[in-house]
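There are two complexes below, and they share chain A, which is joined by chain B in the first and by chain C in the second.
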Partner chain A sequence: MDWLWLVIATVITAIAPFAVAYLQGVDRRITARMQNRVGPPLLQPIYDILKLLSKTKVAVNKGQLVLATMYVTMSILAFWMFLAGADLLIIFFILSAAAAFYTLAGYAVLSPYSQLGSTRELIQVIAYEPVLLLAFFGIWLVTGTFASEATDKMLILWLPLTFAALMLVLLVKLQKSPYDVAEAHTEIVGGPEIEYSGKFLAMVKVGHWYEAALMFAIISLFFGHPNIYVAFAGKLLIVLLAWFIVILVDNSTARLRFGQMARVVLTYGLALTVVNALLVWAVQQEVIPWP
Partner chain B sequence: MDLIPTLALMSILLPTLGGLLAFPMGDRARKGVVLAFSAAIIFVGGALTLLFLWDGKDTVTIGEDGLGSVDAWVWGITALDIALMAALIWLGARSRSIVAVVAAVVQLVLILGFESWKGFGEVPVVAFTIDRLALVLVAVCCIIGSLIAIFAIQYMEGRQKKGRFFAFVLLFLGAMNGAVLSNDLLWLFFFWEVTTLCSFYLIYHDETDEAKASARLALEITLWGGVALAVGIVYAGWKLDTLELDQLTASADLAGIALIVPAMLFVGGMTKAAQVPFQSWLLGAMVAPTPVSALLHSSTMVNLGVYAIFRMAPLLKLYTPLTVTVAILGAISFAATAALALTQSNVKRVLAYSTIGNLGLIVMCVGINTPASLVAAVFILLFHAVSKGMLFLSVGVIDHEVKTKDIEEMGGMSEKLPFVTWVIVLGAISMMIPPFGLFAGKWLSVEAATNMPMLLLLLGVGSAATIIYYTKWVGRLISRTEAPPKAEEHLSPYYKYTLAPIAGGIVLLSVLTPFLANGYAFEMLPEGYADPHETAASDLLATDSYLWIGAIFLFMAVGMFVGLSMIRVDDKDRRKVYTCGEPIEPQVAGHYFGGEATATLLTDLAVSVCAGLAIATLLLPVISEVV
Partner chain C sequence: MGGPAGGDPLALKSLIKSPWILHFDTGSCNGCDIEIFASLTPKYDVERFGILNRGNPKHADVMVLTGPVTKKTKSRLLALYEQMPEPKLIIAVGDCACSGSPFTNAYNTEGGIDTCLPVDVYVPGCAARPEAIIDGVVKALEKLDKLAKGEPVQPAHMRGANDVPAEVSDGNAAMKAVLGPTAGPAAVKKEG
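Entry: the complex of A and B
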């Protein structure tokens, strides 16, 4: 393990939420344009957080806050370990640990909305986790390793269907329509988030940003190139592309019910990843000729 | 005198003696006997583990010279074996089960016929073997098993027939150690059937109609598993000309009809490990007092099943039809029971499904049969045993103090029984969340499953479902309103001082994960397996894996510290939860994915598929002989 690289990873981890916040600012602006509005300043998500930090402390019980802290910790850890070059599988397990802590925090308050939202959160877990695991397997199939260190293979060419499946996972993870069933503001008023306020809400939001950062980092694996500058530009581009797709889908669809969400993500996600893995295998075994 | 063989023999004889002594005694004296013998067994198990590690040998064998009078052992076990068969026939008859009687008679005929063909009283060259795999099982059995016995002293207070209960609990531990240490397959068979007898009586204990029916079911299924085992053993002795495990596994490369030896042991093991389609007896066994569940699920019965399967792995090459079949059966058991656990609100049932699932994972790993997957199997075995034992005992405390086993009635348990709740939280976390031990096993098993990618689908679904059912349960335990009325928790020391050491053990073992993976587990592999470092790319088997595990522990500790000490919630900060302005006390209920209807459908589906696979396992030797 290279210590310098660990320091760099730590620095990137520290600035990652700002990058995601900026992206969300862009999201709000594009969304506004799509709806014929002007939209807020680009740094609005940061202003929101700053305002939350200045609010009076209000809470239901401490247990929830401790578990939420664990959730944020796990999110940061997952992102940091990704940068530090850990195994994708360990990141997979830490990500599900984060989801478990987040859900437990939601269950820790006896609020109907929080409990409902937490249950929906869990149903999301069973929807996206198998897809994510198979997506990682696809990456393993092409690169021969679970290490998250970037390879210079152009994964998007090998795994286009897996990429599409990851878009489904991304929609779920970013709580975007049509899969925003757990938060569902108009329905269960924020679900597991409902009983946080002030700086605790800010903390949970930052946790979400880290999860988003990790998802984008995984997306960025799909563009690789031996030339580091081309690779960097391509990675940025593919992340922006994914982000744009998410915004587009978010604005053009309505929320599904949680059962529909689980069914769509599981069936289409698994079908896409499995078919893609089979295709890769067929090419590798030269069943299908490939230049 | 050499200490290791002595301690190993004591791990068999001491519990047996304790059981015999506990049987006829009065209540007070029995308490003392159980406590003293349990403490002694823990000491023996601990000392054996430490000495073995200190000694650094791969295997220690006990032959003729180590046994004192070897003839006494041989004739004793032969005589007891016949008596045991007779007892099992009698039990089957008393339970009015033709199925069980036939199974026991078949066993008796097979064993007697074989012994008279070969000549009674043949002395094995190596009677007992202690190697790294056996040591894991013996340590778990001695330490966790004895703690369960101590726990039971308080739990069984005020119940009937305690003499019989403790006699069989202790005897169970001795038989388990005996089975794991035996090198002679006939001895293994004897101890194996003793565990069948013990489990029958422990399930039977309450003598309600339900208990009797469950005990009968367990007897039928495990006796037929015993028949499979007997067929395998007799074939090995008859055609392969050896009854000793070390020689059998060294002979390797079986082909054709000779594959019947591993195939029969696989199926026999699956009945003990309650794999689908044989899962029903373990679910029925929940009518027994909770310490019995803890014993069956963590330290004894089911482990013996996977142990038998594990021992047969070196007999097979990679990716033979037999191993692939077994791997698929294990993976289906894992995924199906994880999904089934989602539909249950009885916590003992949830835990039972979780046991079957985790053992399925072990069976799958053995079926994949690569060095890394075998390491994964041992990891899951060890960590599952410790965590599951603790979880069952905690459930026992809740059952004892609050009189409920239903998850829906456990809301706010963190106020009523804070200590037990935190023990359960730790147990559940250790079952699913890194860096605790089971995660390491799952990590390795996923990595190993890349050798058979179709298993990954099942693994993905199963591990997601695992997270859901544990989170759902723990979520209900800790859910509470804004003003927690602090209740005094008066826990019996028997409960506190058995749960606390196991909880500490879980954390300690988890910290040691990378060292266990690198230092212990891969040296435990049978001969003929490559060093897993060379065949697996896993970070866990890399020499710097402790950095990753350490990083996770560090982050977790920081998160806990920040959460617990830097966040303050005073009374003036507290608010009621948002309920749309309605002055109601929220009522919540869990989501059970269709409940019993789904469960029935899923069970039927899994049983029919797995029954097909189990039959295939039995037929494969015949098919490969013909083809």
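Entry: the complex of A and C
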């Protein structure tokens, strides 16, 4: 890790929201095609953000804005640290801090929907964090390091079950059906983000995009190859594959209750990661013969 | 100020490209509400214009109102209007919202939406058709566009008595443009 790489990481962090916005535009188009309609332009998420930025400033209280700013800062920091090759565990804690600030910002206003949404957000953090942590543990078992720097190893062959568990985490983290419990637009009207408007809503949305970018970056760890071009193409492919799976599941399921979400993620998600970690350990200790 | 979006052309373009809707029933019979929901379905697909139904005044740009304003809903209507960040537009959907129609002078209603709030676009019809509602939203956005170009239209919430009147959507023309000249109630009358 040298200075040049830090500069590159900063540049990538600056352009990441545009990439995620474009991916979300593609998502809205694919979703529309799955529902037999035309769908919005590909740049629709960018238009939405620009529109929100142009609206007048309205805020409920300063506390919420401070906490929301901290949330966005923490998400950006987590993504930048990932690119800079920091420790996955530190990234995990910074991501948790981001989620905590987001929840507190939701609690900072007395709107019942915001409070309900924040409680659900907390429960989903409790649900996905052990799975994410154990997924990092699995990565450590295979590569021998917690550093987020790209490894040559093809992790998807070592950790297929962990990858499946991460799909669950991705559904929760990206607020996709059936696990879009915290923001549930048709139920609690956006949950923690209900009280933001204009610029501040745009800011929170950009924070979500950075979280999505970090999740995709974690997914991209699962494809490694000594040849840098093959590795890059493979990483892109695996991210797009994961994104397509998320869209497919989003369009073919209805929202579950937050209890059901927590139960599925904490049982199946945890079981998949633990079993996978045990299998990797058994192969490494030559308990199970492997060619 | 210089109009909506501070006169910035990019911000204005994005405002026109992404109108988020708040739908509020001020005392409608639900006929027009059903038609509004019909226009959100895949058949009419308003999302291709960037229109999303948000159900939250703080996120919304366009208020779509149905029904005559009853005395009970008036305070709620005003509260919702106050919570929307500017620039904002109001569309009155259906005959009742446009003028109070059969409920004019009823003891429990105030009349049409324009007795309480400045309306930008009137979409007549009982019930208004989805084509007419989409046309109404498009007309509202055209109004914003005119405003940006400095043409003599003011946003409804700044409008005085002597300014340019609100747009009226022609639902039948809009429907014919979509379905062809044989569609619509006129064609049905001829056959019958």
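By definition in this document, the second predicted complex is superposed on the first by the 290 of 291 C-alpha atoms of A that agree within 3 Å, B and C clash if a C-alpha of one lies under 4 Å from a C-alpha of the other, contacts with A are read in each partner's own complex, and residues count from 1 in each chain.
We take it that a residue touches a chain if its C-beta (ideal position, glycine included) is under 8 Å from a C-beta of that chain, and two chains touch if they have at least 3 such contacts.
Small disclaimer: the values here were computed from a predicted structure and weren't measured.
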- Item | Superposition on chain A - do chain B and chain C clash or fit | fit
- Among the partners chain B and chain C, which is in contact with a greater number of residues of chain A? B
- Message: With both complexes overlaid on chain A, does A:Ile8 touch chain B (first), chain C (second), both or neither?
- Response: neither
- Message: For A:Leu157 in the superposed arrangement: first (chain B), second (chain C), both or neither?
- Response: neither
- Query: Now for A:Arg37: first (chain B), second (chain C), both, or neither, which partner does it touch?
  - Reply: second
- Give one of first, second, both or neither to describe whether A:Ile76 is in contact with chain B, with chain C, with both, or with none. first
- Message: Output check: A:Val274 vs chain B and chain C. Expected answer is one of first, second, both, neither. What do you get?
- Response: first
- Specify the angle subtended at the CA centre of chain A by the CA centres of chain B and chain C, expressed in degrees to the nearest 10. 120
- Item | Which of chain B and chain C A:Val58 touches, first, second, both or neither | both
- Does chain B (first) or chain C (second) touch A:Ala86, or do both, or does neither? first
- Item | chain B versus chain C as contact partner of A:Glu195, first or second or both or neither | both
- Note on the structure: For chain B against chain C after superposition, the smallest C-alpha distance in Å amounts to 5
- For chain A, what residues appear in both contact lists, the one with chain B and the one with chain C? 57-58, 189, 194-195
- Can you check the complex and tell me which residues of chain C touch chain A? 4-6, 8, 10-15, 17-18, 42, 45, 47-50, 54-56, 58-59, 61, 83, 85-87
- Query: Which chain A residues qualify as touching chain B in the complex?
  - Reply: 1, 57-63, 65-70, 72-74, 76-77, 81, 84, 86-87, 89-90, 93-94, 96-97, 99-100, 103-104, 106-115, 118-119, 122-123, 125-126, 129-134, 137, 140-141, 145-147, 189, 194-195, 200, 270, 274, 277
- Residues of chain B touching chain A in their complex? 411-412, 414, 432-434, 439, 442-443, 446-447, 450, 453, 456-457, 459-461, 463-465, 467-468, 470-472, 474-476, 478-482, 484, 537-540, 544, 547-548, 551-552, 555-556, 558-560, 562-564, 567, 569, 573-579, 586-588, 590-591
- The answer for chain A against chain C in the complex is residues 28, 32, 35-41, 44, 46-51, 53-58, 185-186, 189-190, 194-198, 201
